[in-house]
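These notes open a run of structures that come right after.
The two complexes that follow have chain A in common; it is paired with chain B in the first and with chain C in the second.
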Partner chain A sequence: MKKFGILVAVAVGASLLALAASHNPADAKDKVKVGFIGSLTGGTSANGIGGRNSADLAVRLRNADPKAKYEYEMVSLDDECKPNIGVQVATKLAADKDIIAAATHYCSAVAIATVDTYHKFELPIIVWGAVLPDITYRNKYPEVHRVNGTMINQNQLNATLLTKLGYKTFAVIHDTTDYGKGHNKYFSEALEKAGGKIIGTFGVTSDQQDFTAELTQIKSLNPQVIYFGGLTPIGVRIRAQMDRLGLNNVVFDGTSGIKSDAFIEGLGKFAEGSLSFLEGAPTERLPGGKFFLEKYNAQNYPNPPEAYGAFGFAAMNLILDTIESQGPDRKKVRDALNKVRKIDSIVGEITFDDHGQNTVPIITAYVAQDGKWVVWEDSEYASGKRKLPGQK
Partner chain B sequence: MDLGFLAQYVMNGLMLGMMYALVAVGFTLFFGVLDVIKFSHGDVLTVGAFTGLATFIGLRAASIDSNALQLLAMLIASIGAMAILGAVIARAFILPLRYAPALNTLLITLMLGTVLREMVRLFYPDGANPKPFPRLLPADSVSIGNFNLRLDNAIMLTAGVLVIVGLQLLLNRTKLGLAIRAVAQDEETAKTMGVNFNLIVLITFAIGSGLAAFAGVMNGLYYNEINFGIGLYLGVVGFSAAIVGGLGNIYGAILGGFLFAALQTIGAVSLPFASAYKDVFAFGVVIAIMAWRPTGLIPEKLSERV
Partner chain C sequence: MESILPGAVALALATAYLIVLLRVENQNTILALLGVGIAAVLVANWLGWLAPVGRSFGEREDVLGLLAIVAAIVVASYFHEDHFVLLLLCTVLLYTVATLGLNVQFGYAGVLNFAGASFFGIGAYTAAVLNQHTAIPHLIVLLIGGLMAALIGCLLLLPVLRTRGHYAAVVTIAFALLLKTFLEVNDVLGGPQGLQVRSMNVLGWSFNNNIEIGGLRLSFYTSYFATSLLILIGAFVLVRRLERSWIGLNLDALRLDETAAGCFGLNIVRWKVTAFLLGNFLIGIAGTLQGMVVGFVQPNNYTFADSLIFVSILLLGGIGNPWGVAVATVIVVIVPEKLQVIQEYRFLLYAALVMMVLLFRPEGLLPRPVRSYFPGWRP
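Let's turn to the complex of A and B:
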């Protein structure tokens, strides 16, 4: 009989839930809609889908929590990593007044194109993957926030790490696209604060083949480090030509742009000791990474969360927390998000500055060791077993 | 400036100039015999470099480890294959268009170049990524002050000089060379003197494309990296060098190649503004030279306008 009683209770509970879904009884939870946008099709779809699943995970866990005040439904849209499509779906999302807040965009080009839309429609959003600083810093939109770091943060870590290792003089090579110029700007600023000195800056085109002239000039300046702000293809060429000019006693210090397998494949043994920096961290190394991966795997999503999945989860979770405390009201949620200081999340502490940018985002340093990118702290270079050129 | 660094700049410039000159000579040979511009020339160089790389990977798989043997096989495979490719291109696309407007040849070879380039990108395994090129020459180096003289650079420069001298001897001292020059000067007369016109054209294209393959392998050995786009840029530079030197004249092409490399090096080193503008500077000077001497620095000896 006891078992029967439980069955009845479950059946009643289930029908109550069903009723709640059709808005009927007064004591059932109210339904609240939240949004998600990422690149669900196309070349970067693996990251988009990983982010979508992770945000979905946050919603599912919240709905399973009996203490939650609301029942959440996530509307998920595809920006295809194309700015024009992104503006369309952002408008669709923002125009739906039932949607209280959203976690949006992996692609920087899309995110920067859509911030105006969110501002116009007053939809609070949290960017979960795009890294371009301008997304939060070009305007001061109260609606726009971001949990992951930007190239500003990676260059800060870059400058701090290298000056801490005892390097003082740097030569900068950067490509002349917005990407390379951004790196040059933020690295130069960060290095000055950290106490290093830039003794030469060289802008190069992003399809240049021969760098021997620039490198010979750099050789005559005799720096300890060559900082390179650009992407893998010319990074490979520059490092290979450094060898040709006998510049092997200089550290090759790259950015997220060379953190690829192609860089190591392209250089073979000459990649050894090159540095790169990437926003985020391997998911298992994040403060709540283990918890996240456990929950994620329990849901049997067909795709992995990828590098930024944890940030998608953190962004959505922060939205849900805020709605729980403020109620389903866009303006209240927006204002509360702008006051986020030192809130714990699976990606570490989150503090939004006056532009809605998380100021303590996680950045990971990598060093090429034995043909692999190894997290700096785990490497034999950090432990002192091996030494970078000129490392104290 | 420190003498060591000066020597280093000169060395950098000479290596660049050698590669440009080898490409430019091809352009000028083709123009000599058929009065055509073959824009796929740079991409033949790319295919040549990748053929060399594939040969190397094949040899390594067959566990042939001697560097000299590997290099020799790469050069033979690459130059041989590109010579055939060049002749096929001439036979299939350029000879049939001889009496069509010159613009058609230019367009068809431009498109052919894109096809070659994209084929490398799509069909070579992971062809869109830069590929490491083996270091087969001894990398010993002597440091003289600030000048780092590498043995492989010296070997490549010498090999380049030998190839150019060899080509010169071939053109001036052999019957084949005589036939090529005859066709270049006057097709009709050459034919009446018993020169097999089509064969000579095919051989010329084979020689030019073989030179491109040599330059491609040299490019790989020098930069230790090749990618599917190298030929595009080298093609444009080689073409400009051939024009500025005087299209149709081999010395002009060589002069043009080294001149262009010198301009780039000067542009990167001594101009006060960023080195990003070195190409703007080099091409700007080329434009100025073209305005000053429209037929190039050393014009073709016999002009059809006479």
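Let's turn to the complex of A and C:
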């Protein structure tokens, strides 16, 4: 029976601990729950945690505001950047009737899989980081919105910037993944509208080593710009082989896929003058970036907000604004979100089109200058001090 | 004969614990509950209460098996309106089926398979394609999904038969990587973005509508749960019968010593092939239904890392013991989900838990008991 004596002692101790842990302070305001989903573990966890902290910041600021009608509680879940886990946590969030709206997903692969879940359970969401156009455009779900831009917006800016600089003829090289094909499609559409002309399109596989065949043909077509829709590794190879074939008087116009330090390190001086475009902007350059970073740093989060943190903040803030004005009701919040036009936020003006996509998202152009990616507007190329090949 | 009482009491306690664990959302309560659960098992072990439970499960398996089914139904009916919990339970059931398949390969015949998730994915993709383009009844699609997994598994037969140990493991890992790349570059199968899977529909009754019976609302996942449970029962009975039959004896002999088994005239190739294909068939069926439950397939769902989850379930539960597999799946699927409250640290804690188990119980939570040739017979 000695064993039982020890048992009883342990049980009493444990229940005392449990009692101590379970006291609740009284609330003055009504509690409203909102959700957040991002990749908090795995390869993209830095971005996910940055987004989570930023959304949390929006909630904390709102709760500190004495004028707020409700007290908010953010339920944040981890999708691990995996679609099957994503559907699971999305169901958890959406099936919980107490949760009124949510800011969700950094990973495109997860977001595209979960939009059906949100639609089925009628939970209004705002995507804060995933860039695949199909997330908003494949279906016309009233529940789904997005504050950040897509590769469509990226290519629109790309086409307008280059045609404005006086370039008329383009050759396109793209890899044959979804990423490359998407870029080819949206760039071609945007360029047609902007008045440029594509004189040749070449699909390459994403692990191709030798591009002599494509580049020789391109040389005979004599374009002013080579547009490249693909990722850094083959971007480096193509640019290096352009030099070998004497294609140095042509602008190398890339996408977000080559906006990496590895591109410049891999090419050395040949990277000079290459262009790339990225959704969002360096946080400090956003309209409300200074304000955001100040508040973010004041909270002493252990991790930085990362590139999309400001969008996480803006998405959550928009949700909180809408709940303040409409009350905690999913349907009303959903309808109000669909009517969002020209609302100011820290990432600039937000206007949702009929698919819930923000039509005025920020895209930033970068140019490689002296071994660094420099924002186009700040570069010596924009000021006229240096010139891209063939720039007027 | 051992009484069924200890087993039944343990089952009832486990069911109650599971319901409470699934119900609570408060962070401290969850952590406390998990702590209490672990402590309770340790204490029961220390007091020597687990041995009679094990004996009664060993000897009155038929009755306790029925009670386990009742327990599963009790848990499901308690949460009949709760979409999320039912989705989680479906995942538990289907992962159990898949791991039972792995158990036949790994636990009985000793054929290594580190591509479990790939065969799971083949099933899911089969469901996506067939539900989209054909009018084949969905219950038959389940069967076809299993057959497809077995059929594509045939590609691996030669390398698996020709290699042993680490090399066989590498062959299956290579297959997992190949399949993922194949799915990613294949436009017909949706490429890296994946495909939508139409929901299940049996005799004109769509599984994606909530059920209402005289004012009682049931989540639409209830029908998926019922189907998963039926499949699990079938798979469990099959695997258990297989183990006790002369086929199981042959497989065991094969695993323990291939050369000796060959010398005694066992056809090694035949039994390896049987175990490998049967295992893949079970994994494929589970994957097919899982595809329909989740409603979306993507190459990312079926990576090598997911195969490792299946393997870790098997190791955690105890290789060769179907009951262990069932217990381990509950732990592997539900604990990380409940640990969502501690956010990015949850895998740390979860990994630590798994490591502790492997360190202190290397044979798994419920090691496979000595084969009992006759029920109730003690050597």
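As a convention for this text, the second predicted complex is superposed on the first by the 365 of 392 C-alpha atoms of A that agree within 3 Å, B and C clash if a C-alpha of one lies under 4 Å from a C-alpha of the other, contacts with A are read in each partner's own complex, and residues count from 1 in each chain.
Throughout what follows, a contact is a pair of C-beta atoms (placed from the backbone, for glycine too) under 8 Å apart; a residue touches a chain by one contact, two chains touch by 3 or more.
Because the structure is a prediction, the values reported are computed rather than measured.
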Next on the checklist: For A:76 in the superposed arrangement: first (chain B), second (chain C), both or neither?
Outcome noted: second
Next on the checklist: Per the contact definition in the header, classify A:363: touching chain B only (first), chain C only (second), both, or neither.
Outcome noted: neither
Checklist entry - Where does A:125 make contact in the superposed view: on chain B (first), on chain C (second), on both, or on neither? => result neither
Next on the checklist: After the superposition on A, what does A:84 contact: first (chain B), second (chain C), both or neither?
Outcome noted: second
Next on the checklist: Applying the document's definition of touch, where does A:237 land relative to chain B and chain C: first, second, both, or neither?
Outcome noted: first
Checklist entry - Which holds for A:116: it touches chain B only (first), chain C only (second), both, or neither? => result second
Next on the checklist: Give me the intersection of chain A's contacts with chain B and its contacts with chain C, in residue numbers.
Outcome noted: 176
Checklist outcome for this item: Within their complex, chain C touches chain A through residues 26, 28-29, 32, 36, 39, 43, 46-47, 82-84, 87-88, 91, 184-185, 191-194, 196, 208, 290, 294-296, 298, 300-301, 337, 340, 343-344, 346-347
Item to check | Residue ranges of chain A touching chain C (in the complex, touch as defined) | outcome: 3, 7, 10, 14, 17-18, 21-22, 40-41, 45, 49, 52, 76-78, 81-84, 87-89, 91-92, 95-96, 109, 112-113, 116-117, 120-121, 132, 134, 176-178
Checklist entry - Tell me, which parts of chain B touch chain A in their complex? => result 2, 5, 8-9, 12, 15-16, 129-132, 141, 143, 146, 148, 150, 153, 222-225, 227, 229-230, 233-234, 264-265, 268-269, 274-276, 278-279
Checklist entry - Which residues of chain A touch chain B in the complex? => result 176, 201-205, 207, 209-210, 212-214, 216-217, 219-220, 232-233, 236-237, 240-241, 243-246, 262, 265-268, 270
